[in-house]
Amino acid sequence: MKNKRIANIILILFLILGLAFPVFAEDAAVATVNHASTSGIDTLWVLIAAFMVFLMQAGFGMLEAGLIRTKNTCNVLMNNFLDFCMASTAFFIFGYAIMFGKGNGFMGLSGWGLVNVTHEGSIPLEAAWLFHAVFCGAAATIVAGGIAERMKFKAYLMYSFLVSATVYPIVGHWVWGGGWLAKLGFSDFAGSTVVHAVGGTAALVGTIMVGPRIGKFNKDGTANAIEGHSMALASLGTLILWFCWFGFNPGSTLSVGDGSFMSKVAVNTNLAAAVGALTAVFFAWYLFGKPDLTMSMNGALAGLVAITAPCAYVVPYEAMIIGFVSGIIVVLGTIFLDRIHVDDPVGAVPVHCMNGIWGTIAVGLFGREGLGGLAGNGLMHGGGFKLLGVQMLGTFTAVIFVVVAMTIIFKMIDMIVGLRVSRDEELKGLDLSQHGMEAYSGFQVFINR
Amino acid sequence: MKNKRIANIILILFLILGLAFPVFAEDAAVATVNHASTSGIDTLWVLIAAFMVFLMQAGFGMLEAGLIRTKNTCNVLMNNFLDFCMASTAFFIFGYAIMFGKGNGFMGLSGWGLVNVTHEGSIPLEAAWLFHAVFCGAAATIVAGGIAERMKFKAYLMYSFLVSATVYPIVGHWVWGGGWLAKLGFSDFAGSTVVHAVGGTAALVGTIMVGPRIGKFNKDGTANAIEGHSMALASLGTLILWFCWFGFNPGSTLSVGDGSFMSKVAVNTNLAAAVGALTAVFFAWYLFGKPDLTMSMNGALAGLVAITAPCAYVVPYEAMIIGFVSGIIVVLGTIFLDRIHVDDPVGAVPVHCMNGIWGTIAVGLFGREGLGGLAGNGLMHGGGFKLLGVQMLGTFTAVIFVVVAMTIIFKMIDMIVGLRVSRDEELKGLDLSQHGMEAYSGFQVFINR
Amino acid sequence: MKNKRIANIILILFLILGLAFPVFAEDAAVATVNHASTSGIDTLWVLIAAFMVFLMQAGFGMLEAGLIRTKNTCNVLMNNFLDFCMASTAFFIFGYAIMFGKGNGFMGLSGWGLVNVTHEGSIPLEAAWLFHAVFCGAAATIVAGGIAERMKFKAYLMYSFLVSATVYPIVGHWVWGGGWLAKLGFSDFAGSTVVHAVGGTAALVGTIMVGPRIGKFNKDGTANAIEGHSMALASLGTLILWFCWFGFNPGSTLSVGDGSFMSKVAVNTNLAAAVGALTAVFFAWYLFGKPDLTMSMNGALAGLVAITAPCAYVVPYEAMIIGFVSGIIVVLGTIFLDRIHVDDPVGAVPVHCMNGIWGTIAVGLFGREGLGGLAGNGLMHGGGFKLLGVQMLGTFTAVIFVVVAMTIIFKMIDMIVGLRVSRDEELKGLDLSQHGMEAYSGFQVFINR
Amino acid sequence: MKLIIAYIQPHKLNDVKQSLYAAEIHKMSVTNALGCGQQKGYKETYRGVVLEVNLLKKVRLEIAVNDDFVQPTVDAIIKGARTGDIGDGKIFILDLAECIRIRTGEKGKTAIG
Amino acid sequence: MKLIIAYIQPHKLNDVKQSLYAAEIHKMSVTNALGCGQQKGYKETYRGVVLEVNLLKKVRLEIAVNDDFVQPTVDAIIKGARTGDIGDGKIFILDLAECIRIRTGEKGKTAIG
Amino acid sequence: MKLIIAYIQPHKLNDVKQSLYAAEIHKMSVTNALGCGQQKGYKETYRGVVLEVNLLKKVRLEIAVNDDFVQPTVDAIIKGARTGDIGDGKIFILDLAECIRIRTGEKGKTAIG
């Protein structure tokens, strides 16, 4: 009997050793073997996703450059490039503390410069920071498209620092940092509101405050088309963005688990984008008589933005419905902006603001309790208006907050350095007037428009 | 004694808890901890590979756009962009069911719309679907290059839906869905036949049925060069494709294991591409007197296509031989098509069709039993003509099937909307005539050719 | 009581089976389950990192093409494309053996063609080879920028083979292959010296030996600006490079562990790049009166190069200091080269050579013992001049070696085929004279400069 | 008949077109050009080097008209293009010996309009 | 000597070149141009806005010839360029006072060909 | 007044500009052109097909001058552009009936310079 007990113990020890040995070599602790391994995979996944979201800078850069005129290409590229640098720095010093620091329901107030931050969760602080920093950069860069071709470079630099240091992290705190919206049960899986509605609304405020480009609207109220200079760049940018969205949405699972969760998110993301693109192109074809490449691209982006909040909470056919609606929204939104004389050269508002709102609300319509950890059912699944109400409250509060905050910020910048270049500088092009350089030296370009 | 037993039990419990705790938090079941982990990694890998294969759309888009004229750039970009959207949708509703559903040796017949599908294997259904959907998109988009600069946009849209819903999944079923070729022991690791020969043959049928571009062939039978408008885009596209192929081939392992299998596949892939490029450039240099950039790019792609089937079954020096032969094939194939008056603007046929066939046959020559799970030895390793015969049977049957199926499909489309734009529309360019827009507004372009 | 023991045993068996079963199915051995898994993840990570580093070819290609004139675009793209093919082949046959083979402190001498190589470490030989092959390709391609617009294509091809077969692997052996510098404790985490200083110095030697472009310097000694032809391509290239650097630096951990190490490396990499870009743009703005896009891009790359060696050994604020200094260096370095009449069209020398040296030395300043496995403290952390001395010794010896070796190699090539095209060919452009083709057929381009 | 060649500022093209239309002149040909005139060039900086650009982007109009249309055309161009700043451009007038419409073979006065 | 300027449809350039070669006229200069003539413009749509394009892409030929070559040149251009549709283009003929070959300094008749 | 049109090799533009400046001629207009002259074309190969290119890239100068400036201008162009090789280019001289400065409305001699 004793022997058996001894055998027992040996068996157990053998088991412990057998399992632990290779782990000891690595992590020097038995109890953490699986934990370590899980944490490793999860970090790997989050980092790769972060790298992909970083690449969105290239996507946005090419898309925005492609949709504006040659004479402002350097400017938009530079805005796009430096806003990420600004966002990296600002989010390092201020943003992360405001977004995830201990504070109140409105904002965090500790962890400036990432000093003395204790981080919970399976991934290390640094990975979490990088993942959120690239999201912040994405939100910031959305504005570059809306205010393109007429905002002063200095003004844009100041904007990009301020938005990344304050506006974005505050809304982020509400939703992802344990703020008041999180406590209400507001659910925005990967950021339809936090990233896109925030960025898109900032773009809306910016484009209204800086005013339409010279020549965009006629005296009789009709709009002119100011064609983008390279559909190849725009198309490349869109495809890069779609690719990066596979980091944006599935990456927001923040863990790999058995892989099924992130797979579902990836499939929803892809289907919403595909249906969004097809809807937009057919709808625009029906309205304008020709299939428009820019509309199909914006339709895909609209689908991607819209599925960003609900991607974890819905099933594929619902993702397709969400994508379908987003394709309609983006076309009508573009027409609507032209009607009300808001000049948004690349469609930042219909894509990011309008569809960011739509996607957030879609959670309240199609969300399924339990799926992706959602707390309640949406309207379509018998959850009544509760979740829907919270979602609408959340996204509209965020939009209103951004309108107020960005109005103040842009007013301030206007007073200090001025928002808009002079008429002459705008006609000459921002590349020459702001940067003293040309984007396409050697090519013969028309600069008469 | 009792104490000891109690200690024993505590030890065991402690062990269970120690191991399981972090897992409980995630997966709520002890017994699945390791399983979950393997499945997690595998899914992670397959998803990342799928994302990379998705990015091939950007690669193909830039390559094809770069190799055609400015006046058709929007059209080719739009074909390329929307065929993926079409493929996503068609492969969701029909394709997956035909390819992997239960049915007969010819095609699957269950699982339409991914409803009621039970999926075996270590990765979840959704990951498997996405991986195969992006492959389907890649096959579909190959055709965009072949028929570029003259096919009606509507006709292309219809084609892209039909090929993704029927032709591609049927051949896929034969080889990867347990169909008749799979049962014969036909081996196509990552799709030299399933993706490339299918896409390339469809391109061949399309380009023949739509006819050569105006001005491509002279009355005396000689061919004219119609130069592509941007070598920068073409080169970018090629490098993106090469990058994505690291998802295409190594990703087809579908599992990580100890990492050695996918490493071998990656190395073979890289070497075949490098040798293919070098061979093509030197061979073309020898033939035409100048080192031609487009030939070096097509050589790399030829190597990549050719190694796609055998990448798991051969050793590096054999990959180099396969790449070498593919470099020769692509140059001769290009010349040959010009001779027989088939106008393939980007080289879709020599790259994808001819080298897809070559790569499949190469398995029968160089394949090694056991490597990558191959059932028999190729001719060079003493396996005689058995494997070689099956490989040839498989790839040629697939090609013939595609020829027949695509002829019917294109004929049908021709009857309904017409395949080709009018002479005037072609001269004006498809961007203006089909889409009412310009790709490079602001640039001064020659449209006299 | 007996029952309890039996229960005990059953529990244990159940536990063993429960844990082991899914593993058996995969790996057929209990004891290796975790080990295998670690090796799988590590390989996955190294391969993905290698794929990203491969994509640097697209980054360099676009950057370099964007910064030169239209008439030499095909040439620079082709140099860039084929040097990777050459590097792949040369590093397969010779390079890996010299770098990692058994030999002496100067070079390895075994393992030619990867035959009979035994590989230690957690990742398979093939993954290790691919990772180092793409590094070798990156080093080789740096030179394409420096000698752009005037070197003969044949000469460049020969150079690219020789550098990958000999010069790069020899320095690599010193540092990463257990050579004499490794033994001295020289630490270059991801290759500020091994890749960048080597590539940058080779570019310096090349650009001096081939001489400045016609029209770059005036008789009075002043320099002319020869503007690049596409800022969009240059900007795309820079962003791709930044993205790929997340494979370059964090990937050099070669293992995932619990994820914290690679996260730290990624954050340092990102911050140095952001600060480098901001510093360069503000400093250039201050000096020249306008914010220059090319300087901001080169600033980011300078930060990336500089942080490459120390990324594992420093904390974030030190990464920002290193980035700051690199931004200053790159601007002053560019001016300095113009002063001494070295014509480096894309800034390969200030970015890669100067900042490669700076980054290596920075390890001796800011390195922290223990962090990333560093053997001693840097000057700032009380380590005195020991580490600093070794770092300076290492990087300067490497630079001197490359100067000597490349001088010999370029002289040899000059004797055999000649380094530089004729005056007429240079004026016409290398695209026409070397390749008989145009990069932008259909666009109206100025070729008067 | 006369051939009128005008160099104007690129961003004035639309205004000039409008005032030509207003004067019932509907036919013209436009090319891009670089011009060097009284207007001083500007400086670009590129990678630390200053670049004097003294060939400025201009638009070149070519309008063939009957003699009695010369003055209205010149007036219309001036109306559309003048800002009073240096760089407004110049108009050159050449004698036009003949004008032929390719489509119909018509010549002279009837072909020009 | 005369200077012949012709505006033709871009895709007719090759045909015109062939018929000029056939008439033994081998020297010419070609530029891109935008033209506004009888041919109506077309509409583009871009992001939901209609865009009237009335400056159409044309090719401009400049050919200096001796007086006895004027008619053959005009005929050859017409032969190559005419389709009978609106937009076929126009030919303008100017007197050419002098012609100098830079390489040799030759002048007039001998320089032109 | 005369209108001088010169076709030169693109890479000679800078030299020509210098020698025009040296001759105190500061005003000119420049366009890109393709030219077909005595200079033989060259061959490109693209994906295995040979392509005869016989329209070579040229630069077209347009300079309006007063009559006494014609010779200096021609000389300056020749000085800057001549290499003695085929393809150096040509100079055409047309009578200029009138010249108007848009900014001031000045005409003739005073407007031209």
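Labels for the chains are A, B, C, D, E and F, by order of writing; each one numbers its residues from 1.
In this text, contacts are C-beta pairs under 8 Å (C-beta built on N, C-alpha and C of every residue); 3 or more make two chains touch, one makes a residue touch a chain.
Please read all numbers here as calculations on a predicted model, not as lab measurements.
J.: What are the chains that chain A and chain D both touch?
T.: C, E
J.: Using the touch definition from the top, what's the fewest steps needed to get from chain E to chain F?
T.: Each step joins two touching chains, and the minimum needed here is 1.
J.: Contact counts by the stated rule: is the higher one at C-D or C-F?
T.: The greater number of contacts lies at C-D.
J.: Express in whole angstrom the distance between the two chain centres, defined as the mean CA positions of chain D and chain F.
T.: For chain D versus chain F, the centre distance works out to 18 Å.
J.: Would you kindly tell me how far, in whole Å, the mean C-alpha position of chain C lies from that of chain B?
T.: 30
J.: Counting only Cα atoms for the centres, state how far chain C is from chain E in Å.
T.: Between these chains, centre-to-centre, one finds 53 Å.
J.: Going through chain A residue by residue, note those that touch at least 2 other chains and give them in order.
T.: 5, 8, 12, 15, 19, 33, 37, 41, 44, 48, 227-228, 230, 236, 288-290, 292, 294, 436-438, 440, 443-447, 449
J.: Identify all positions of chain F at which a residue touches two or more other chains, and write them in rising order.
T.: Residues 31-32, 44-46, 94-95.
J.: Let me know each pair of chains that touch one another.
T.: In this structure, the chains touch in these pairs: A-B, A-C, A-D, A-E, B-C, B-E, B-F, C-D, C-F, D-E, D-F, E-F.
J.: Please give the residue numbers of chain D that touch chain A in the complex, ascending.
T.: Chain D reaches chain A through residues 10-14, 32, 42-46, 57, 59.
J.: Show me the residue ranges of chain C that touch chain B in the complex, using the header's touch definition.
T.: Listed in rising order, the residues of chain C that touch chain B are 1, 4-5, 8, 11-12, 15, 18-23, 26-27, 33, 36-37, 39-44, 47-48, 50-51, 54-55, 57-58, 61-62, 65, 73-74, 77-78, 80-82, 84-86, 88-89, 92, 113-114, 123-127, 129-130, 133, 153, 230, 233, 236, 434-444.
J.: Looking at the complex, which residues from chain E come into contact with chain A?
T.: Counting only chain E, the residues touching chain A are 44-51.
J.: Which chain A residues qualify as touching chain B in the complex?
T.: 5, 8-9, 12, 15-16, 19, 30-35, 37-38, 41, 44-45, 48, 52, 69-71, 122, 227-232, 235-236, 238-240, 242-243, 246-247, 250, 255-260, 262-264, 266-267, 270-271, 273-275, 277-278, 281, 288-294, 296-297, 300, 316-317, 440, 443-447, 449
J.: Using the touch rule from the top, collect the residues of chain A that touch chain D in their complex.
T.: Residues in contact with chain D: 215, 427-428, 432, 436-438, 444-449.
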